[in-house]
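Two complexes are shown next, each including chain A; its partner changes from chain B in the first to chain C in the second.
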Partner chain A sequence: MNDQENLSRALQIKLSLGVIALSLPHLGYLPISLAVGMVLLWIWRMGVSLERLPAPGRWLLLLVTLGSCIYVVGHYGGVLGRDAGVALLTLMLALKLLEMRTIRDGYLTILLSFFLSISHFLFSQEIPVVLYVFAVTAYLLILLKALEFPDPESGTAGGLGLIVKIVLQGLPLVAVLFILFPRLSGPLWNLDLDGSSAVSGLDDEMSPGRISRLSQSDEVAFRVEFRSEVPATEELYWRGPVLWHTDGRTWRAEPPGARPSNGGETGKVIAEGEPVIYNLTLEPHRRTWIFALDMPIQWDDRYQATAEGNLVARSKLRDRQRYTATSVLRYRTAGLSGRDWEWGTQLPDGLSPRVKDLAQRWRSEAVSDIAVAEQALAYFRQQPFVYTLQPPPLGADPVDEFLFDTRQGFCEHYSSAFTTLMRAAGIPARVVTGYQGGERNPLARYFIVRQAQAHAWAEVWLEDRGWVRFDPTAAVAPERVRLSVDSAAVGERGEVRFRVKGDWLRQAMDQLGYGWDAVSASWNEWVLAYGPDSQRALLRRLGLDRLDWAGLGILLLVGLGVALGLAWLLSGRRATKEAYPENRIFQRFREKLAKVGVRSKPHEGPNAFQRRIAVARPDLSKSVEPIVCLYVQLHYGRPINDEETRRHLRALRVLVNRFKPKTSL
Partner chain B sequence: MSSLAPGDLVRRLGLGRIHRAPAAGGSGIMLRGRSIYILPTRYGMMFGVLLLIMLVGSINYGNNMGFLLTFILTSASISSLFHTFRNLHGIYVASGRCGEFYAGEPMVYPLLLQVENQRPRPGIEVIGPVGEPQQVNVPASGLAETGVLFTGVRRGWFKPGVVRLETRYPFGLFRAWAYVELQRPCLVYPMVGPSGRTIPPAAIGPLTMEGSKNSGSDDYRGLRSWQPGDSPRMIHWKAAACETKELMSKVFGSQAAGDMWLDWDSLPELGREQRLSQLCRWVLDLTAQGIGFGLRIPGTEIDPGTGNEQKRRCLEALAKFPS
Partner chain C sequence: MANENLLRAETKPGLDALGAADIGQSVTQLVDRAGEIILGKEHSVRLALACLIARGHLLIEDQPGVGKTTLAHLLARLLGLKYQRIQFTSDLLPADIIGVSIYDRDTGGFRFHPGPIFAQLILADEINRATPKTQSALLEAMEEEQVTVDGNSHSLDVPFFVVATQNPLQQIGTFPLPESQLDRFLMRLSLGYPDWRAERELLQGRDRRDMLRELDPAWDTHWLTTIQAKAREVYCSQPLVEYVQRILDFSRRSALFELGLSPRAGLGLLAAARAWAVMQGRNQVMPEDVQAVGPHVVGHRLRFSGGVDGLEGRSTGTYLFEAVEVP
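Take a look at the complex of A and B:
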């Protein structure tokens, strides 16, 4: 082959378009300067192809390549890691396009592009992304074929037919590989996939403004399918990180310098209500929190419980988690450890006297701890507190300013103020963050919990009941826990609206949204979550219990053998559709003859062929004659009615089937 | 793709034993499974490495769409391997009609590729010992003509030897090839000798000596290129005026009586092959000029005549002259 031959201009343009289409989704992840540079390179490439711009010289190209490599390495601090790798790959391909000239360049470009195809899935495996990437990859396969075998008549469409055929023939193989290829749990090695892109979700610290930022995100945090009775929305408190330590402004999980919390002191939970069982599918949030309904009593072995009754994973979550848990909504916790007492009554240095006085007044008025807490809730209810996403900025002592001056805030303000007040009154208290509520997908049987439903509340230690949840936000804005925050409808000035039934357009959009969410939820559940566990479960369902690695290997080989055989058979199917069925049958007859060395000549009609056979192989002429006669009548004869035609065709088929010529001696 | 010829690879893999096992056949050969070899091309190997990296990446990140893409590309390439194989499988290769071949000149041995079934065969390459591969598309249930280039062929019966048929359709990731050894020979005429040597008078028959004087008479027999000494009346002015740059002389019938004899013995100073070459040259020249001639070589004498048939008979005799 001569792969030094030049690529045609049309092919150059098509290839460039394919690569550009494949690079486009990455632009958003690149630093802006690199993205702009890349677009300029593409424009240059197109300009060269359209003969509007000069092609870059060797040295210039080398210079640009070196420069951009150094830039990428500088920007990302290396080439390892997802973002740097993808940036480098996209850039190299853009540069490769510029110097692309020969068929060889075409091959290298297409092969490299397949890397680019797969790199998209490191960022997203959602249905639209997958469809887009597969479509562009198919286009690249068409071009791969066109590199050496351009097909002027059929063009791209004709190429598509072939690619579709080849891919379809391989599908059994794909299915076998996808289902049976052994899946590992956990990575072989860990390259930092986090990159620089932040993932929204709860954090292990809370300061004013953190959660309210989340409240404007419509992203899904997790989905829940209840297997027992569905609790009321206002009872759905999804427990997340518990925050103990405050410096007056920021709340953290632990005091600075604390020893890593030991799971040994797990607070005992005494159930007092019916258990609620549910399946939860948690989107990966790159932290270790595992959300569960307040308060979990049974959970997956993969997770551990903390002393606060929370669940945590052993490592940061990079994959979607799917687990079953059981919780009780009414419960008591037993025992307050010394650590809990110490941490639960910690107050920031320089707590304002106003706050201290208020708490002390309640303390002296109330007969019990619970009365103090009730008093605090009553305070929020009775004083003119406003629930808003955009509260006025707070100064050095946020709790004091919020309680007495601004009185506008979001759940983080209320929970931190409430907890501080409790502690000032000498009652152990802590802040719990998580999610509250959930919207039911009316088209499916699950609830969606979004980032917008992030919430913070307080827990107070009561002697006879243990840690008890108090939600001061609910005292101010009870609809917050009955309805969910509508992230799409946060007013300009931060006034919060809640998800209520809107006009018909809004409802229709909601329906569409729910439909799409149901589709992507099943996609996540059935396709993307297919891993070692689901593989084992599937094999068990197929009756292939206790299959070890060797067994799986043998099964894979057998499956591959069958699929390969199928692909082989399918690849033998002939391309052309025959308008005249008799031609196909007659063709089979000619092939049978060809096998014994009697070949019809290209320009020989059936009758001439028959005469030649009669001379060359007189032994066959008796069986050949009726076949040719029938064929000539069917193909060239006067049209007869359908019934007759069918009968003739059947006869011809039978004759040809029975025709078994032997090789002459 | 010159760095890795399939033959090299086959030898390197220790498959030399089956390497030269061309499908034998008389006038034609059917390419069948056992005579077709298939291996990845350089790009096929690169693609394999690429798939492996993609697989390891997918395993590492447990990325199911990564797996899916890797498996789809893997299956498509395996399926393309089958297509590559089937593109060659079932092609009937036969020799075509031999043309006029002269020793020392590049010759194209004619090949016919015929397909019996409905599968068209695009991108079939025919590769001989020299020159670029010839690419040809064979239509479904059809026929394609192509040829294999040979240089430096010698006079006499020529057998093409082993010729390679190859295809990389559709993706260029795999190369399927087969060797065919065609048995049907073509006759190669002697090398055409240098022009300029005049036909020695000894070779001209006795009658011609007189006849040449009145070469102006009766029957018009054709044209030949003008030579010094031809009378201006013989020049075909009409042709000179409108068509050719060269002057043509009209040749008239009375020369029939004076047909020339091309004689082996008239060239005693030359060796065997040179003599044959010179005779060949004269045969071609005289045929072009429309002058009748006969050929006399040891063992063969061909009576005078003109035209292509005479030329063919004489050249064949020269080609078959024992060496």
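Take a look at the complex of A and C:
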């Protein structure tokens, strides 16, 4: 097939559609001007194919190309980096479509498209994207096949069969490479892949409205698989940042200007209950802390504990983290450092007298610290407090206004007010943020904790028990800790609704959601998170521990060999084993001739082949003739007897062995 | 006439002694003599002869005036066959072909008056002009090699060979043969215009009809039947039968064709290939023989299904034989 031949119109259109489908997901990442330009180019291309628009001239095309290059460089300040590179690639491909005319152009377009298909994974590695890219790539492969074998016999469906077959043959190779290829630690190519996209999650600051905003997001924060008995939902407090400092409105981890905390001495945890062991898969949230069930006692070496008993990683989390931790639900903490005392009793400047008075009254009425805390909880319970996602805005003194005027708030209001009250009563207290609860995926054995379950509660220092958790929100809305906030069903006036069993449609949707979550969890665990650690773990399970790089390399080669063998088995080559012995010998003869440029065609009989040889290489016809003659006798002639046949076969073999054609001049 | 043939047979070498090479030579001579009258159509003449040797019937589909009649008449003359031409018209009745029984006053019974079909080579001119009823009368006769009138069967002459012509254009008022009927014809040929040199010679030369009239037979009936018998003995090896089977299989599985080839087509393909082989002076069939006759054997039995690109100007026959691998 001549590369310079023109591409049929049908193929042009199909190719353009394939490339457009492949570029489509990138449109969202491109600046709007480029995206619009790209769409215009595509429309032009389709217009040309449908003979509605004139094809661009060479000079016009050059001009557009130059212009768009300059635009991309100008917009991104260069061509390096993910966004600029992908924009340029997408744009160039759209332009290539416009000048696509010959078969060669078709090849080039498809090969470039394969680059583009890989580039999608720089933006997202989620299953839908993978499936989409695979589907479009398969379509392009079919077109490639149509270019290579312009055979009308098999339409798109026949092409698909072949592609499926080829992909199946390649599968063992891919599997071996995936499993055995040495894995590098660290994120993919050390690129800051998620650099531009905002990640939702808990902050190390809390002010009214922060968590309630978060609670409307259905995004997964992490998934937990319990390896020991599953605690009750109201016990599931996932510990995040501990906030000490308040200015009345905003809570922060540390007072401004504090030395980078190394935590003083670590708060010692004395376990009083059964340990709970679990595996947690944390979505990357670009912050250092990781979550653990209140209160962790054992964890991975990768993480450290802070003085408050929280776990933190050494650097900001850009990869999905998977770790095992052990926690106890009943515990005591020992020792209150001077710093803790100082920070735990800090009050905002200008705290209103109403708040102070209330706290002092409780203080004087109560016999112990715990009684004060109980009094505060009772206050929340008895006064008309409302748990709502859309509380009225608070003014200069939020705690005061909330406690005495508005009385509507979300967990951050309650925990903030409660902690402030405790401090005003002279009891060390702090705010703890994190997540509360978790929904069990009924189709798998793990819990999903979503951003919607973000929560804030308080911890109060009690002399004999250490830091004790108090959840004022639970006092106001006990169902909060038993059910999850239903992010999809916030009431009109902002009243919070909880996840309860809904009608059958809702249940079906939930089931679907759980199924999907289970699939993507396994995808995360087995494909995306397959790094050096999981590789080592897998090999160990196969009994191949303590493999060094060389060993891994050898294993890889062996695996590749096996995979190639499998591919060969799958290819069905064996099935075409020659039924006729003379064909095997004659095939060698054909191959020898093919090497000197005379190729036999599959549909060509031996005599026709011989005539063609005589024309192409008259010098060979003398040695070719007896071979063809013998072959014809063996293959098409009336067999005389077995002895004779064997003799002929031998003679044919000898003749073919001796046949050594030289390349023509 | 039959006796005469038997007498002559003794002068010819016996069937067993007859070498394939002799047949090849004889065919070449015949074709050469035909070439004096039909110019530049050697291949078509050979194909028509192969069809005859394979004991099949021939359909010629072409425009008027390219020599269809001449070819049929010429074959009849050269082979020494009794020739009859039937011009098919819309009012032609089966009896006009087969014959009628007429009351004979002398014997007091019905006597059969044989129609023009009682000949050895029949030219059914413009077969698609007749009504289906008449067409099927002819086709039945072709198939059975006998006709039945008033309950009496009358055997047709042997060899019996029908050359039907069909005009592909001007289909108004015609009854095109349906596929099932086309299947009765072993081969379909189209002659096409002569090339420049041949046409010059034709225009300058003598009247072809005169030349035909003066032409002596090259073969006789016995020689023809001998060759026909010889052709049936030509060896088809396993790989060759496999090849033919692959062709049939491909035509049935391929989405390109509306309907696959019938087993009868397969038998026809082998018979025609055998005839072709014997005409080349060979005792065995080669794939090349199948390919030489193949497009003409399958051409009228296969039709491309619609909606396939890239086949413009290709016949089903040539496509099929380029697509199937020789085992």
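Brief remarks follow.
Following the convention adopted for this analysis, the second predicted complex is superposed on the first by the 409 of 665 C-alpha atoms of A that agree within 3 Å, B and C clash if a C-alpha of one lies under 4 Å from a C-alpha of the other, contacts with A are read in each partner's own complex, and residues count from 1 in each chain.
The rule is short, and it goes like this: a contact is a pair of C-beta atoms (placed from the backbone, for glycine too) under 8 Å apart; a residue touches a chain by one contact, two chains touch by 3 or more.
Keep in mind it's a predicted model, so treat the numbers as computed, not measured.
In the superposition on chain A, contact of A:Ile70 is made with neither chain B nor chain C.
Touch criterion not met for A:Leu60: it reaches neither chain B nor chain C. Looking at the shared chain after the overlay, A:Ser117 reaches chain B, while chain C stays out of its contact range.
Of the two partner chains, chain B is the only one touched by A:Leu173; chain C is not.
In the overlay built on the shared chain, the residue A:Val562 is in contact with neither chain B nor chain C. One of chain B and chain C touches more residues of chain A, and that partner is B.
Of the two partner chains placed around the shared chain by superposition, neither chain B nor chain C is touched by A:Leu131. Of the two partner chains, chain C is the only one touched by A:Pro606; chain B is not. Of the residues of chain A, those at positions 602 touch chain B in one of the two structures and chain C in the other.
Against chain A, in their complex, chain C makes its touches with residues 235, 237-240, 254-256, 283-288, 291, 308-311, 321-327.
Across the interface of their complex, chain B is touched by residues 1-3, 107, 111, 114-115, 117-118, 121-122, 125, 130, 133-134, 137, 141, 144-145, 147-149, 151, 162-163, 166-167, 169-171, 173-174, 177-178, 181, 183-189, 191, 193, 318-319, 527-531, 564, 567-568, 570-572, 574-576, 578, 584, 587, 590-591, 594, 599, 602 of chain A. Of all the residues in chain B, the ones that touch chain A in their complex are 1, 30, 41, 43, 46-47, 50, 53-54, 56-76, 78-80, 82-83, 86, 92, 114, 116-120, 122-123, 125, 132-133, 140-143, 168-172.
Those residues of chain A whose C-beta lies close enough to touch chain C in the complex are 8, 10, 150, 152-155, 158, 579-580, 583, 602-608, 632, 635-639.
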